[in-house]
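Next come two complexes, and both contain subunit A; in the first it sits with subunit B, in the second with subunit C.
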Partner chain A sequence: MNLAEGVQIVSFCILSLMMIGAALGVVLFENIVYSAFLLGGVFISIAGLYILLNADFVATAQVLIYVGAVNVLILFAIMLVNKREDFKPLPNRLLRQVTTGLVCFGIFALLSTMVLATPWAFSTAPAAAESSIVIIGEHLFSDFLLPFELASVLLLMAMVGAIVLARREYIPDEILPGLTRPSGLTLPERPRELLTLTSGGKGDLRNQKPASSTKQPIDTNA
Partner chain B sequence: MHLQLQAFLVLAAALFAIGIYGLITSRNAVRVLMSIELLLNAVNLNLMSFSNYIDAQGIKGQVFAVFVITVAAAEAAVGLAIVLSIYRNRDTVDMEQFNLLKW
Partner chain C sequence: MNPGIDLQGTFIQTLRDLGLPAGAAKAIWMPLPMFLIIIGATVGVLVVVWLERKISAAVQQRIGPEFAGPLGVLQPVADGLKLVFKEDIVPAKSDPWLFTLGPILVVIPVFLSYLVVPFGQNLVITNLSVGIFLWIALSSIAPIGLLMSGYASNNKYSLLGGLRAAAQSISYEVPMALSVLAVVLMSNSLSTIDIVQQQSHYGILSWNVWRQPLGFLIFWIAALAECERLPFDLPEAEEELVAGYQTEYAGMKFGLFYIGSYVNLVLSSLLVAVLYLGGWETPVPIEFVGGLLGLNETSPWLQVIDAALGITMTVLKAYFLVFLAILLRWTLPRVRIDQLLNLGWKFLLPVSLVNLLLTAALKLAFPFAFGG
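This part shows the complex of A and B:
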C-alpha cells in the first residue's frame, strides 16, 4: 500500500464517520436548529467523498447548492416556523421508534448483503484524461440536452409554485369608500383572515382577532 | 488494499437507512424534509460511486447526480413553502396533526 492509497483510505474513514455521525445527529437531536447545522455537516462530508471519487465539479455543486442554498433555506424555514411547542405524546411512541429502527436496520442489512454479494462489472478502462467539467458539459449539450432543458423548466415551475404556495392569500373584501385600490406594481395582498378557520372546530388557533382588526399583519411568531 | 466500490455503496445504504428512520419517526415537518434530503444524498452517493468505478470514461453518473441535485433544490423550495402554508393554516408543525386528507 503506497502513500496515496493510505491517504485515500484514511480520509474515506474520517469522512464516512463524520457523515454517519452527523446524519444520526440530524435524525436524533431534539433541537431542530442543531439538526439543521448538522445537515450542513452531512453535505460537506458528502462533498469530500465526491472529491475522493474524482468528481470535482459535482463536489463544488454540492457545496454550492446544498450547503449554500438548501441548508440556508431550511434554516430560514426553521426561523419562520420557530414555535416552541411540546408535541402531544403519542401512545406507544417508544414501540414505534424501536420498530422503525429495526425495519431500517433490516433495510441496511439487506442492501449491504446485496452490495457485497453482487459481482460488479468493474471497468478496466482508466479514468478519463480530460477534466470532468469538460465531459459533463459535453454530455449536457449533446445526449442529455432534453433533460437539461427540462430541468430549467422544472426550476421555473418550482419557483412559481413556491411563491404561490408561500404568499398569503388575497381576500378581496368590499371596497372601502375612502380606499383606492392599489395599482401599478404593488402586489395586492394582505394577511389571510384567520377567523374563518375557527368555524371548523379542529384548528387550534391562538390569536383569534376580530374581523375589524385584520388590517395589520398577524404576527405568526408572537 | 484498494478503496473499493462496495465501501461507498455500504456507506450510501447506511445513509439511506438513517434517512428512512428520520422520515418515519420525526414529528417536526421541517425535519421530515431534512430526512428527504438525506435520502437524496444517499442516492447521489450511489450514482457517483457507480460513475467512478464502472463508467469511468463517460461519466454519466455525474450528470445524473447533477440532475438529482437540481430536483432536490426544487423539492426543498416547494416543500418548505408547503410547510410554511400548513403552519399558517394549522398553527403547528406537528406531522401527527396534518391529517386533513386522511380518510
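This part shows the complex of A and C:
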C-alpha cells in the first residue's frame, strides 16, 4: 500500500463516518434548523465520496445543486416560516417508533440484498478523470438524450407551476357586484380589472410582487 | 509550449537525493504551494484594506491613514491586531456552536477557491478539469454560513441580513454562471489554464473582453453582488440593519467575516482578470517580444522573468478591478432589495441568456474568431 492508497482509505473512512453521523443527526435532532444544517454536511460528504471515485464533475455538481441550492432553500423556508411549536407526545409513541424502525430496516435490508445480489459490471480500467465532462456530455446528447430532455421538461413544468402559484394575487374578501369570478380551471385569483378598481393597496401589491415571484424560480432551479 | 522550469520536480529530486523516500518527498512538497497561496491571499487582503482606506479618502478629499508606517501602510496590520486581541463575545441567548461555525463556513470556501486561480502557465495549485465550475460550486456554499450566523445570533437584524445575503447570493449566481458558460463555450474547457491560453495569441486584442463585452459587464455586476460590495451591500446595510449578519460578532469571529469579504473581492477580481482580461498574459505577447530580440524561449532567466511578469500582470489586473470596485462604492447609491432582485432576475438573467445564445451562434458562424 503506497501513500495514495492510504490517503484514499483514510479519507473514505472519515467521509463515511461524517456522512452516517450527519445523517443520524438529521433524523434525531429535535431542532429542525440543526437537521437542515447537518443535511448540508451529508451532501458535502457525498461529494467527497464522488471525488474519491474520480467523478470530479459529479462532485462539483453535487455541491452546487444540493448544498448551494437545495439546502439553502430548505434553510430559507425554515427561517422564513420560523414556527416554534411544541409537539405534543402522540399516543402509542413506542409502537409508532418501532414500526418506523422496522420499515426503515426492511428497506435497508432490501437495498443491501439488491446491491449484493446484482452482478455489477466492474471495469478494472481507471476512470477517466480528465475527460469526464466530455464523456458525460456525449452521453447526455446521444444515448441519454430522452431522459435528459424529459428531466428538463419536468423542470420547466415545475417552474411554470411555481410562477403560477407565486403570481396569485390576494383573494378579495367579497366579490364586487357585477364581477363574477369565472369558474372552472382557474386559480382563486383576483381578476385584473378588480385589482385596478380596488386600487387601495396597489402600491403594496407592486412591492410584494418581485419578492414573491422571484423567490419561486430558484425553487425550480434546484 | 516549452516545459518550463519544473519547481516541483527539482524540489522532490533534491529531497530524494537527501535520502527521503519518494512518497515522503512528495508529501512535503504538497502543502508548500497551498501555504504560499494562503499567505499571498492574506497579504492581498492587507493591501486591499489599505487601498480601500486610501482611495476612499482620496475620493472624499481626505488624506486617510498616515501615521502607521509610511503613507499609513501599516494601518491594516494595526486593525488586524486589534481584532485579534479583542474579547471574543458570544451573546448569552445565541447558539454558541452555530455562532462559531458560521464565519468559518463563510471563509473556508473562499480560500479553497484559490485552488484554481492561475498566476502563470504552471503557477497554479491544481489544473483541475472542472476548474472554474469548482469556484462557482464553492461560492454557493457561503450563503449557508451567512444563514447560520444570522440565525445563531438570535437577533432580528442578523436574521434579516442573513436571509438577504442568501437571497442575493442565489439570485446573482445564475447570471454569473451563465456568463462564465459563454466564456467556457469559447475556450472549449472549464480549466482556468485553458481559458487563459485561448486568449493568448494576439496580446491585448485576443482578450475575451472584446469578444464578450456583455458577459464581462454581467460577470462584474454579479461578482460585486456576490462580494456584497456597494451598490449591493444590502445584507449589511448599516442604516437599515445595523450590520446585518455581523451585528453580534466581535473579535476574531468578526475578523473572519472581514477577511472573507476582502479575500472574496480579490478572488473575484482575479477571476475577472483570468476570464476576460487575459490572465497572466501581457498586452503584447511575450513570445513576440522575445522573437524580436532574438532570445531563446527556453533559457532559464527568460523563464524566470516570464513567470514574474505573469504574476505581476495577473495581480495588476486584479488590483485595477479592485480599484474600480472601490470607486464604484463611492459613486453609486445602494439599491433597494426589490431593485436588486429585479435587476438580477428580470434584467441580468435574460441578458446573460441572450449572450450565451449569441456566443453559441457566433461560434458556429465564425469558428476562427470564437474558438470553434
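As a convention for this text, the second predicted complex is superposed on the first by the 134 of 222 C-alpha atoms of A that agree within 3 Å, B and C clash if a C-alpha of one lies under 4 Å from a C-alpha of the other, contacts with A are read in each partner's own complex, and residues count from 1 in each chain.
Convention: a residue touches a chain if its C-beta (ideal position, glycine included) is under 8 Å from a C-beta of that chain, and two chains touch if they have at least 3 such contacts.
All figures in this text were calculated on a predicted structure; none of them were measured in a lab.
Chemist: Is A:102 contacted by the first partner subunit B, the second partner subunit C, both or neither?
Modeler: Neither partner.
Chemist: Between subunit B and subunit C, whom does A:132 touch in the aligned arrangement: first, second, both, or neither?
Modeler: Both subunit B and subunit C are touched by A:132.
Chemist: So in the superposed three-chain picture, is A:158 touching just subunit B, just subunit C, both, or none of them (first/second/both/neither)?
Modeler: A:158 contacts subunit B only, not subunit C.
Chemist: Per the contact definition in the header, classify A:33: touching subunit B only (first), subunit C only (second), both, or neither.
Modeler: second
Chemist: Could you say whether A:2 touches subunit B, subunit C, both of them, or neither, answering first, second, both or neither?
Modeler: second
Chemist: If you stack the two complexes on chain A, which partner ends up touching A:80: first (subunit B), second (subunit C), both, or neither?
Modeler: It touches subunit B and subunit C both.
Chemist: Mind working out whether A:10 is in touch with subunit B, subunit C, both or neither, as first, second, both or neither?
Modeler: neither
Chemist: Who wins on subunit A residues touched, subunit B or subunit C?
Modeler: The partner with more contacted residues on subunit A is B.
Chemist: Report for A:69: first if it touches subunit B alone, second if subunit C alone, otherwise both or neither.
Modeler: In the superposed model, A:69 contacts both subunit B and subunit C.
Chemist: Counting only touches as set out at the top, which of subunit B and subunit C does A:61 meet: first, second, both, neither?
Modeler: So A:61 meets both subunit B and subunit C here.
Chemist: Which subunit A residues come up in both lists, the one for subunit B and the one for subunit C?
Modeler: Common interface on subunit A, subunit B vs subunit C: 57, 61, 69, 76, 80, 132.
Chemist: Using the touch definition up top, name the residues of subunit A that touch subunit C in the complex.
Modeler: Touch list, subunit A to subunit C: 2-3, 33, 37, 40, 56-57, 60-61, 63-64, 67-69, 71-72, 75-76, 79-80, 129-133, 207, 210-211, 214-215, 217-218, 221.
Chemist: Quick check on the complex: what are the subunit C residues that touch subunit A?
Modeler: 23-24, 26-27, 98, 128-130, 133-134, 136-138, 140-141, 143-144, 147-148, 150-151, 159, 162-163, 166-167, 170-171, 173-174, 190, 337-338, 341-342, 344-345
Chemist: Name, in rising order, each residue of subunit B that touches subunit A in their complex.
Modeler: 1-3, 5-11, 13-22, 24-31, 33-35, 37-38, 41, 44-45, 48-49, 51-60, 62-63, 65-67, 69-78, 80-85, 87-94, 96
Chemist: Subunit B touches which residues of subunit A in the complex?
Modeler: Within the complex, subunit A contacts subunit B at residues 1, 5, 8-9, 12, 16, 19-20, 23-24, 26-27, 32, 35-36, 39, 42-43, 46, 49-50, 52-55, 57-58, 61-62, 65-66, 69-70, 73-74, 76-78, 80-81, 83, 85, 87-88, 90, 96-97, 100-101, 103-105, 107-108, 111-112, 115-116, 120-123, 125-128, 132, 135-136, 139-140, 144, 147, 151, 154-155, 157-159, 161-163, 165-166, 168, 192, 197, 203-206, 220.
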